[in-house]
Amino acid sequence: MKALSQKRRHPLAAVALLLLGLLLTGGLYAAATSINEAQASNAADVYSASDVEEGERLFVANCATCHGINAEGSDAGPSLIGSGAAAVDFQVGTGRMPMQMSGPQAQKKPAQFNDEQTMQLSAYVASLGSGPAVPAAEYLDVEEGNIARGGELFRINCAMCHNAAAAGGALTEGKYAPGLDGVESVHIYEAMVTGPQNMPEFTDANIPPEDKRDIIAFLKNNESQSAPGGFALGSLGPVSEGLLIWTLGLALLIGSMVWLTSRSS
Amino acid sequence: MGEHGNGDPSTGAVIKAGEGRSSGYAIDNPGLPPHRPRLADADEKAAKRAERQVSALFLISIIGTVMFFVGYFAVGVTAGDLNMLRLQNTLLGVGVAFAMLGIGLGVVQWARALMPDHEVVEDRKPLRKEEDRAEAAQTVDEILDETQIKRRPLLRNTLIGAALLAPLPAVVVFRDLDRSEDFGPERMRHTLWTEGVRLVRDPTGTPIRASDLTVGSAVHAIPETLREVSGHGDRLAEKAKAVVLLIRMNPDDFEAVTPGREDWKHEGIIACSKVCTHVGCPVALYERHTHHLLCPCHQSTFDAAAEFKVTFGPAGRPLPQLPITVDDEGFLIARSDFTEPVGPTYWERG
Amino acid sequence: MSSQSLESKYTEEQYSEVDQYQPATRTGKIANYVDQRVGGTGMVREFGRKVFPDHWTFMFGEVALYSFVITVISGAFLTFWFDPSMASTRYDGAYVPLQGVEMSTAYATSLELSFDVRGGLFMRQLHHWAALMFIMAMAIHMLRVFFTGAFRKPRELNWVVGCTLLLAGLGAGFTGYSLPDEVLSGNGLRIIDGMLKAIPVVGTYISFFLFGGEFPGDEVIPRLYSLHIFIIPAVILILIAVHLFMVVTHKHTQYPGPGRTERNVVGYPIGPVYAAKAGGFFFVVFGVLALLAGTFQINALWNYGPYDPSPVQAGTQPDWYIGWFDGLLRLMPGYIGDIPLEFVLPTPWGGNSVATPVLVTFIPITALLLGLFVWPWIEAWITGDKKEHHILDRPRNVPGRTAFGMAMMIWYFVMWAAASSDLIATHFSLSFNDVLIWLRVLFFAGPILTFIITKRICLALQRKDREIVLHGNEAGVIEMLPHGEFREKHTRVSDYELYTLVSYESPEVTAARPNSRGKVGLLEKSRVTLNRTFFEDRVAPVSREEYIEALSHDDHGTAAELPAGSVGAIESKKN
């Protein structure tokens, strides 16, 4: 065990662990019946057969190198059997997949596929085994959400990684929790359900869909409002405030001091 | 530097600290440089210009104050409208800034450009004259003599005794800063967890079924009995000791189990105190694939797969593990209290 | 005993003069009115034309004073709405995302202050920015005093007063930071609680007495409040009064330069120039702070939520001046390899825990703060300099002190930077583990490297000064000599500039002095070692002989090419 923990320090170990973890989770999803199953609608109800077919074609061309020709996984990527449509929609929809480069974690970037292609890929993966589905529109309607309650849930369950103002924060070994500003409601929901990368899962048993809607409503409300006190300095708290007083604050002071003690021409 | 040398810098003048004063240097003190008149001193036009500059700054100050009033009275901030609040705050701030900077910069410019700028030399007075000091010492001696304190040691000794004791009440009177009935470090050994207490979700208070947790889930839990604690302060103090993080991992991922802890888990579900063993921040960041728990305050990292041992950072002990099981209805319950005090190390912990 | 004579040494006329004096001018009338009652004219006569040297670096103390005044003004405003009670309440104010949430009255009134009181948000931000500036200005002021040697005799005690002010400022800042009772400051308090508990024997009890029981309870905020608005500000005010009184007694120091001596003060009289500049500067400082408060958000406490021991957030940091404590806590590892540093001390009653990882952080804190207080005496002991000083040092002319000060600054900076290791990591795409490991290395290596580098830079600058004194400035003109040699023309600097470059003390390394029994003790040996690190490799100022020699070497060193006055000064010395 000691040897393992030492190897864990190796930079590639993080990636290996990540992949291992994804692989395990994927496998478990396929095997175990999870609470999400109730919500995960049968792929055949939502997606047409042609969607699945087109999705498989896209998958083979773009994803199979790492995830295997039948999405059974490989050394380079986890199995997607049982990952569900939500995971695909999140990973592909936010541009994290296909992955640009290996690193501590997949980075957000402009999406590689359009909405239709993403839907087709989701349809294909959903057809492989049951998993969390793309959320229904009613759970994304922020008008219905309770902002205050969402805030409370956010502070207990999310703020420790994503920061109280959702500005993001550091995790171990170079990983990080991204800022949530500008992330689409559907992707926030899907991230909670599927737990991408190292994020824990918040299944519907633990945070019911209505509560997730509250959290999204809280985030969207904050996004729509400007910072009341002026420039928010990245919402990073005392560090950026200290930096400002030692840069701009000090520069303004020194400027006025030098002028004040200089001789007039 | 070319052909001409720079001398030997280490053998030049030796002016020992304090000896130098103003003599013994390479050249003597040449005195103040001649005064150079400013434009405004010689040219009345320049002086007028300076005057106009200063008044313009004062006018800016007036505009700033008006701006403040506009922000205060004209900007209507309805409840919850942060955009308008921001506008108001900006107008108030920038208004006051102009009001103040206008006056400040104006007065300074007035002093720089128009008031006399001749440097003045003032002599330093020696801090105290020798004879003054002698006289003062003598006065003190005389006063002491008149009190007879040296001749009457009984007076002196009893006074010292009294003066040493007298401040003690001022210390003792603060004893009741902590009036709790269970005063003392012993109370830090117990939390609300006892056998059979259900783990409920924070903050909703709903009980947790083992089947609610999928692999990769993390739930922040508190004891169900917490809501029965009366008093805001007591409830916070109990919560501060009892907060727990519940996570479910793949059972194969667990490393060796310490003897005696075999039945502390339920399937892959494991619970630990959320209070960091370093200085007490909530260790709430869980990474599902690395099984790392991270404290955002000082980056202590704990490995959930290895009974929360420390893998990085300043924490000096693993997080205490809460023994759990499920009750008849399938809800998670505690098997007992923590088997060690939670939170930062303290002297009496032992 | 004979009865004492009732005769006064003053005459009756002197007493009655008061009633007969008829002032001529309007100002005179006011002055007379005041003087007949409280005798203020003596003070005006004394202070009205008191001379203060003028240099921009002398103004940081004023910034500190002014920002303190602004924190008092804005803080007084805040007290009218803020209620430090920890009684539980349900928020129903204007901020929508917290409506209906249960919280303490302290947090609820902080929110009310920000969202429902017009101008309240501005005043809160002004208060906070002014507090940050207050401590920053004190810190820079102290650095200025340190690097120019202004703390030397007779000002050592005033330096101590200043150090105490800095501590009081830190106390004021921390107690204020905790008052709103939100998650961020609550976790700050929790860290303090953890640090207190680590103190052997008494720590646990100190924590109990501070919190009125177990952390957090509901008594700590009112207690911090009375410290924050009453006790600490009172201490600061008294210390400021003492500090300023001593400045007046000592008269201000001045930089070396023509006309300046140890026996005089050169500058502007208080009335009108200095008073106008200093008074105007108050408004400038106020304006700068108002600008910050109006445009930059500080401590967005509505984001953090009411304090609750369960939540925490990424980027949990204290205000900048507490940062180095936090950084130290991060730097100190809990384990070396697999060996825990924490241990149980066996005692007859069972054993006591020693929280080494926390306790070790007290060492640099104590060293830096205590070192700050006693530095004037340490330096005097090392250098053996017991004389009065009113002329400041140019930092380069005291390489030992400057290098040591820079080393300590870097040491502080490493601890400070460690407090934002997580943000450094996310903003530069690094791993915070690596950032911390590098900072651990720098914690030890940084000060040493800085000492060496700074000392070399100082010596190089001194050599440059020698070069300018001996040969003048490079004129940027290449001339060809009759025999074909090219060289750059140098222009000699005026005596006024020259004097600044040569008028500094340059002590040599002093040998060990045996004590009364004729032995060199260990203490004296260490003194000599320190003395050597301070003064070895010294670059001496140009001596009179060297200067005259250099003048005579000057091919074109004729009177015509020298600035007026300089030759005269030299010639008169030759005779």
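Note that the chains take the letters A, B and C in the order they are written out, and that residue 1 is the start of every chain.
Just so it is clear, a contact is a pair of C-beta atoms (placed from the backbone, for glycine too) under 8 Å apart; a residue touches a chain by one contact, two chains touch by 3 or more.
Since we're looking at a predicted model, the values are computed, not measured.
If the chains shown are joined wherever they touch, the resulting network links each chain directly to all the rest.
Compare each chain's C-alpha centroid with the centroid of every protein C-alpha atom shown, and the nearest one belongs to B.
Among the pairs B-C and A-C, the greater number of C-beta contacts is found at B-C.
Look at where the CA atoms of chain A average out and do the same for chain B: the two points lie 33 Å apart.
Each chain gets a centre from the mean of its Cα atoms; for chain B and chain C, those two points are 17 Å apart.
Chain A and chain C have Cα centroids separated by 45 Å.
For chain A, residues that reach two or more other chains under the stated contact definition are 152, 156, 160-161, 169, 172-173, 177, 227-230, 256, 260. Residues of chain B found to touch two or more other chains are 85, 89-90, 93, 105, 108, 112, 117, 202-203, 220, 282, 284-285, 296, 299, 312.
For chain C, residues that reach two or more other chains under the stated contact definition are 96, 115, 121, 125, 277, 280-281, 284-285, 288, 291-292, 294-295, 308, 310-316, 422, 432-433.
For chain B in complex with chain C, the touching residues are 1-2, 4, 6-7, 9-22, 25-33, 72, 77, 79-80, 85, 88-108, 110-112, 115-117, 119-124, 127, 174, 177-180, 183, 185, 187-188, 202-203, 220, 222, 231-234, 236-237, 239-241, 243, 274-276, 278-282, 284-285, 295-300, 310, 312-317, 343-350.
By the touch rule above, chain A contacts chain C in their complex via residues 2, 104, 147-148, 150-152, 155-156, 159-165, 167-170, 172-174, 176-177, 218, 221-222, 227-233, 235-239, 241-242, 244-246, 248-250, 252-254, 256-258, 260-261. Considering their complex, residues 1, 5, 8, 14, 17-18, 20-22, 24-25, 28, 32, 34-36, 152-153, 156-157, 160-161, 169, 171-173, 175, 177, 195, 197-203, 205-206, 211, 225-230, 256, 259-260, 262-265 of chain A touch chain B. Residue ranges of chain C in contact with chain A, taken from their complex: 54-59, 63, 96-101, 114-115, 121, 125, 128-129, 132-133, 136-137, 140, 183-184, 277, 280-281, 284-285, 288, 291-292, 294-300, 303-305, 308, 310-320, 323, 338, 419-420, 422-423, 425-426, 429-434.
Touching chain A in their complex are the following residues of chain B: 36, 38-40, 50, 82-83, 85-86, 89-90, 93, 105, 108-109, 112-113, 117, 201-204, 208-209, 211-220, 247, 250, 255-256, 282, 284-290, 292, 294, 296, 299, 301, 303, 306, 311-312.
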